[in-house]
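Next, two complexes with chain A in common: one pairs it with chain B, the other with chain C.
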Partner chain A sequence: MTDPMPPAPDSTVAAPPRLELRGITKRYPGVLANEGIDLRVAPGEIHALLGENGAGKSTLVKIIYGVVKADAGEMLWQGAPLGSHTPAQARHLGIGMVFQHFNLFDTLTVAENIALCIEGGGDLKALAGRIAEVSGRYGLPIDPLRHVHGLSVGERQRVEIVRCLLQDPKLLIMDEPTSVLTPLEVEKLFETLRRLAGEGCSILYISHKLDEIRALCQSATVLRGGRVSADCDPREETPKSLAEMMIGRELPVCRHREPPEDGAERLALDGLSLAAEDPFGTDLRDIRLTVRAGEIVGIAGVAGNGQNALLAALSGERRAPPGQVRLGGRPAGHLGPRARRARGLAFVPEERLGRGAVPGMTLADNALLTGYQKGMVRHGLVRFERTRAYAQEVVDAFKVVCGGIGAEARSLSGGNLQKFILGREILLEPALLILAYPTWGVDVGAAAQIRQAVIDLRDRGAGILVVSEELEELFEISDRIAVIGKGRLSPAKRTRDTGVEEVGRWMAGMFAPALDEGPKHVA
Partner chain B sequence: MSPEVETLVAILVATLRAGTPLVFAALGELVTEKSGVLNLGIEGMMLIGAVAGFIATVLTGCPFAGVVFAMLAGTLVSLLFGFLTLTLLTNQVATGLALTIFGIGLSAFVGLGYIGTPIQGLQPLAVPFLGEIPVLGPLLFRHDPLVYLSLALLAAVAWFLARTRAGLVLRAVGESHEAAHAIGYPVIAIRYLAVMFGGAMSGLAGAYLSLVYTPQWTENMTAGRGWIALALVVFATWRPARVLLGAYLFGGITIVGLHIQAAGFEASSHLLAMLPYLATILVLVLISRDATRIRLNAPAALGKPFHPDA
Partner chain C sequence: MWLRLEPRAQASRRLRTAAPLIALALTLASGTVLFGALGQNPILALHTFFIRPIDSLYGLSELAIKAAPLALCAVGLAIGFRGNVWNIGAEGQLTMGAICGGGLALAFYGAEGPWLLPLMVLAGGLGGMAWGAIPALLKTRFNANEILTSLMLSYVAIQLLGYLVHGPWRDPEGYNFPETRLFGEQALLPVLLEDTRLHAGVVLALIAVGLGWLLLSRSFAGFQIKVVGQAPAAAAYAGFSRGRVVWLSFLIGGGLAGIAGLGEVAGPMGQLNPTVSPGYGFAAIICAFLGRLHPFGVLLASLLLALLFLGGESLQMHLNLPLAITGVFQGLLLFFVLACDVFVRYRVRFGRAAVGLAP
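== the complex of A and B ==
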């Protein structure tokens, strides 16, 4: 352990670490999630837990918080050993946790949500006062009386943080807190965290975003494949060296080339407006966008700003007036998914199991679901040899790790299943490919492979639309970028003419919606 | 008092009595569903409560003992349902249906020797002076104690859910069991309690039928009221006040149908028997069309099994 002691007020004496883990091991059927993990967090320190998806970060913090029990190893809190504990006991000790998937109740108010976590929180009026006081002190404005379903994702996170702060935490665990925030919100969050650390609260910060960790944290524990692969001071590392610790090799780089200037129109949205189906959803308002052959258009935005309605309107799961959606220059808003696919549309949805693939069906059968156009069905009968050949082609071309094409879709890891679904669509050589969150939950290596496959498809002349929250990814692969916010779409700007700052401002809602996107690119 | 007013008062009094078992059963199911558990076995639990209460009354001669025994019996079968669905994680819909079929069979079997046995049922209270007031007296002060209990319980449940911390926890568990578990609430234990409350209330509803409303034991005497109670909860969008409205609507139309027959109008008795079911569902469907309200009140985790380690 070479953790440098942080400049915290109470760390001059050799105080015991606030939290110490020794040899924590957790096994799930078929997976060793954590193996012999050692970790120390000093008082007032911001300590990073770094690792790819599936490296065991989430399991480890669940063990610390008492949601999951470890199979072996021990945990020390301020030098004293902890037996098995529940989340309630953890909170009592002063461990607060902000979950990646918020533990909030949509139909309850902010105050009610917080009352659920606080002992003696029965008096909602008094509690509302305390909430207002704490949220004011740490620059986290929220209205205690609002219902959670009406809050933005950033506001929901504030509720989670305030909920923790009201319990005077000594250790705050933040699980991937910035994955849902705009760049501006990230800055504000970091200010709050630094102030908290300055007051002596330790912070365990979980992330796979290297820049953030280098900007915020004083020490880091890197996990790879369930084990600690390194302990380091991230301020002294480069993103490259951190990435190598994290994935064990160098980050792959995508190949790129300039898109042709004026391709044929593949997709046009002409004033698309659609009321949300879900009463807590976002309505689409007057969306205008064109995707041409040979270009990748990225749509950035914080989740919950109308992406779901937009994707449903694009795939054909929801119908619109015919003229509002055009495919290949012809009205298609009234067509269902199958008719749109017949026009050359391919679609990779966000949920892999359930919408992208049927969990209990084999890969070959899943290939048939969208590949039926490729001569796999004759006179209403399935031609199994063709189906199997196609599935095998996908598996080979995209290096899908699986137990053969007879394996059930659910048996694949997230990254491999995504490669399979994407490969199934790409090998159909669609004229237009729509991707929702293509590398969500996919490890770095597979993500690079997926991005390269998408770029190759573009180079063969397809139009591609990518909806994602990962700004870095969108900047890497997109030729043009637009932002969706509160159901409106910004103009699509050439990637090289804009930057993270401008897109970040747009994500915070500061843009004039695209009024009329003519044949020329908006520059 | 003119005969018209007298008839009207009689109809209103009878309406309260006809609606009361539905209020009990629906209140119990409302609490159960608010915790995220869907128990389709109300009909079965009501029958078991009805027969248990009846037998206990025959044996002890005291209808109050019958009421208590009916609630115990209802709680016991609901515990069986809880063990199957919450501990063994069986499918709630299938288990609830099985519970209904089980309850119909068991109650018929146990009650075989008691068909036609006369009992002294629960008597209306006779409040001195107040009960003598014309119109208001019979309407408000001459009911059996269970009618008042049903109203008190309704108010208590409404207050519990909306105002107390325990009610907040119950709603939270029904909204998202993962989140409730993650912040440290004992999801399974809370659901057991809610299921048991539902069982006790169904037992009480059954006892009302066999000890007050009829009072006698006949096979399958609930005649689908358990299902109506279930429908009431959903169509009332999980709000106690609307459950009361629906229950009395059902009771009222049942009674009006009887009076129409008694007055000698030519109408098919089958059609009249159908009317309360049809009208209740129709009215409740019409008043609960607001999707946002449904989302706000419906327990989001309803019917979903919960396993803490998954």
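== the complex of A and C ==
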């Protein structure tokens, strides 16, 4: 293993790029993840790496950080070529990375967590001082002595950033950092990043959120299908032109129409309260909400604010007192998933593989998973011709790319599996459809298709509840919108009567919990 | 030097099917070495072990008699294993079936009719079910590990049988031998083939295999079992109850094991004695895995395991080798099957892990 040459000290005259990639290629069995990728990041530059899911962003970042080795191509660090390097060597060079999924131990304090990953972190007291100093300097308030389990997601991210900053990075890689943050937190993060860049640290910012990239980055490399499709200055582009570079065609737009004023009640939550199962989870407190036929209600909120408990209470995986959940006007809190489905509920869960679909079973069998109440079972025996026909119908109607209905669910890409699961639930023609993070990790084209299918279902008279973190999406499809925070639900407001700003404030916890229409509730 | 197991992207279906055959070949190879070490001519020993027991019609019928209880138990276990329900107590459920069915034969001794045998089969099945219901209850009520409870209950059942045949149920004219009196004619399973002991229990085993296949491959209940086994979260999402699968698995497994036990006492034995089973209930676990948890595969595996039982006896008779050889071969076989499965699903890599994720 060759030790990379130590970089020359920063020179002011014609400094070489902080990082340069030339012709990086990486092939996985069956997939060309990266093909001939060139990328230059200047010192102090905030550089965006933009692309749909599956475009090759993650692979490229892993190559830069030394987690994965490229098959071909060259990588230069401050002008000096790098041989193969490990993540540890990358950190030595000054490459820091904040992952999308945090690597923190819940039961340890912030300082202990950081001590685990940096050299010379043995002296906790001194370290705590350094943490306080760095977090103060960059506007990342954090108490080094707190336990991680008590931290919000945004705070956890700060811990990860501080951990990188303690190692004096020259290049900070941020992988989809804002997907877990409220709009306010996003603004704070951007301030921190701008300050860092001002001090000469380069930042490689990975995202598919076009507005953020236009607000933050000075240059962008757009990936599509493993190749560089464009290099541009995002400040001079429109979201539309960026999206076209990303997906290679025009961004589809959803058709919309006004919802009926007073549809029948499909779902009502009447003071739903539920203790969290997990000791560090969030309890639900007095949730009140109505979903009517022909409308889409969106629930926004930062992950970890009670969404999981709420979704489990809606699907029937967790039971509640009968009257706290009503389906079609009748008490249903005590019913399990099967009985609720019999009342017209369909559900698209957050996890696709392992919950929404059985990984090792074929698509035909996975159609049976929730389609069993649609005449697929007779005298206790499965009518396989019907499960196959239904699976084929879903695949055709939703243009699911797969190796036929005999393909195992795990062989599908995330987006295609989501289309299959969503299609399976929609074609059941439910009276009420509940969607958890419907387009999470789905590419832009498929996401637009999914949104359109949901809107079409609403237009056929179904009531729909969408829980999501993507504000843009919620504003695009919801007729009414509410926010969940710390296990409480805000009132649902008509989407056109509110805006990102107000919802953002609610996401930060500033709202009065929903009061029921009824007079009995006194806050 | 680092040795790692890396999951294969796609486990080859052909390799998965071939794994039991590879395991069998490896078992034979080890057996050859073992016999050599014991000072025997390996070829002769293997011939005595595997060929000699079944070179006659009588031998083949004995093979079927031994395979029947194995297949009955193993089909039930395979159904449970598919649903991630680990019933290790088929031996006890088999013993309880023998006690209940045999008890009925003793109770109606001298007053029997053609109605007795069907009742005995029913009692055997119910006895096994009742014994299986205990771990199922403990699992669903208290989340007690079913591996431990079902295994421990096996020994309870065996002790109970010992108490009965040494005490209250001992043959009054049996010179104090710990066995019951011989059952009456009407309490015995009919013999199917003259000059052999081939009895109707074999037919019951074949029916069980067929029904097991119907359940697992064609029925919605079987689908639910498989979903619960493969993806518990998906089962919860779809509304399939894990508790129901636990109950179903234990009741089916216990019932079939109970019928197997009844088949032993109402078949070749014709009475109860302290050892109604030479370990069929445990060997059935091997059958289930060797048969890929598929009822037809289980049937083939049962024939093989039955041959190991016969071969062990044959070695003892002809070459004076200890009967423990059977256990050794069973163990080798299970070991190799499990090892082959690992290599089907994983590949071995030398050297340090290329993927480390410590930021």
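Keep this in mind: the second predicted complex is superposed on the first by the 504 of 523 C-alpha atoms of A that agree within 3 Å, B and C clash if a C-alpha of one lies under 4 Å from a C-alpha of the other, contacts with A are read in each partner's own complex, and residues count from 1 in each chain.
Simple rule for what comes next: a residue touches a chain if its C-beta (ideal position, glycine included) is under 8 Å from a C-beta of that chain, and two chains touch if they have at least 3 such contacts.
As the structure is a prediction and not an experimental result, all values here were calculated from the model.
Asker: Once the shared chain is lined up, is A:452 touching chain B (first), chain C (second), both, or neither of them?
Answerer: In the superposed model, A:452 contacts neither chain B nor chain C.
Asker: Of the two partners chain B and chain C, indicate the one touching more residues belonging to chain A.
Answerer: Of chain B and chain C, C contacts more residues of chain A.
Asker: Have a look at where A:356 lands relative to chain B and chain C in the superposition and call it first, second, both or neither.
Answerer: Second partner only.
Asker: Touching A:341, do we find chain B (first), chain C (second), both, or neither?
Answerer: second
Asker: For A:25, select first, second, both or neither according to whether it touches chain B, chain C, the two together, or no partner.
Answerer: neither
Asker: After superposition on the shared chain, which partner residues are touched by A:108: those of chain B (first), chain C (second), both, or neither?
Answerer: Touch partner of A:108: chain B, not chain C.
Asker: Report, in rising order, the residues of chain A that make contact with chain B in one complex and with chain C in the other.
Answerer: 67-68, 86-88, 91, 99, 103, 117
Asker: For the complex, which residues does chain B have touching chain A?
Answerer: Residues in contact with chain A: 164-165, 168-169, 171-172, 175-176, 178-185, 291-292, 295-297, 300, 309.
Asker: Taking the touch rule as given, give the residues of chain A at its contact with chain B in the complex, in rising order.
Answerer: Chain A residues touching chain B: 66-68, 86-91, 99, 102-108, 112, 115-117, 121-122, 147, 149, 278-280.
Asker: Can you tell me which positions in chain C touch chain A when the two form their complex?
Answerer: Those residues of chain C that touch chain A are 9, 214, 218-221, 223, 226-227, 230-231, 233-234, 236-241, 354-359.
Asker: Tell me, which parts of chain A touch chain C in their complex?
Answerer: Touching chain C from chain A are residues 29, 67-69, 86-88, 91, 96-99, 103, 117, 160, 163-164, 315-317, 336-341, 347, 349, 351, 354-361, 365, 368-370, 372, 377, 380-382.
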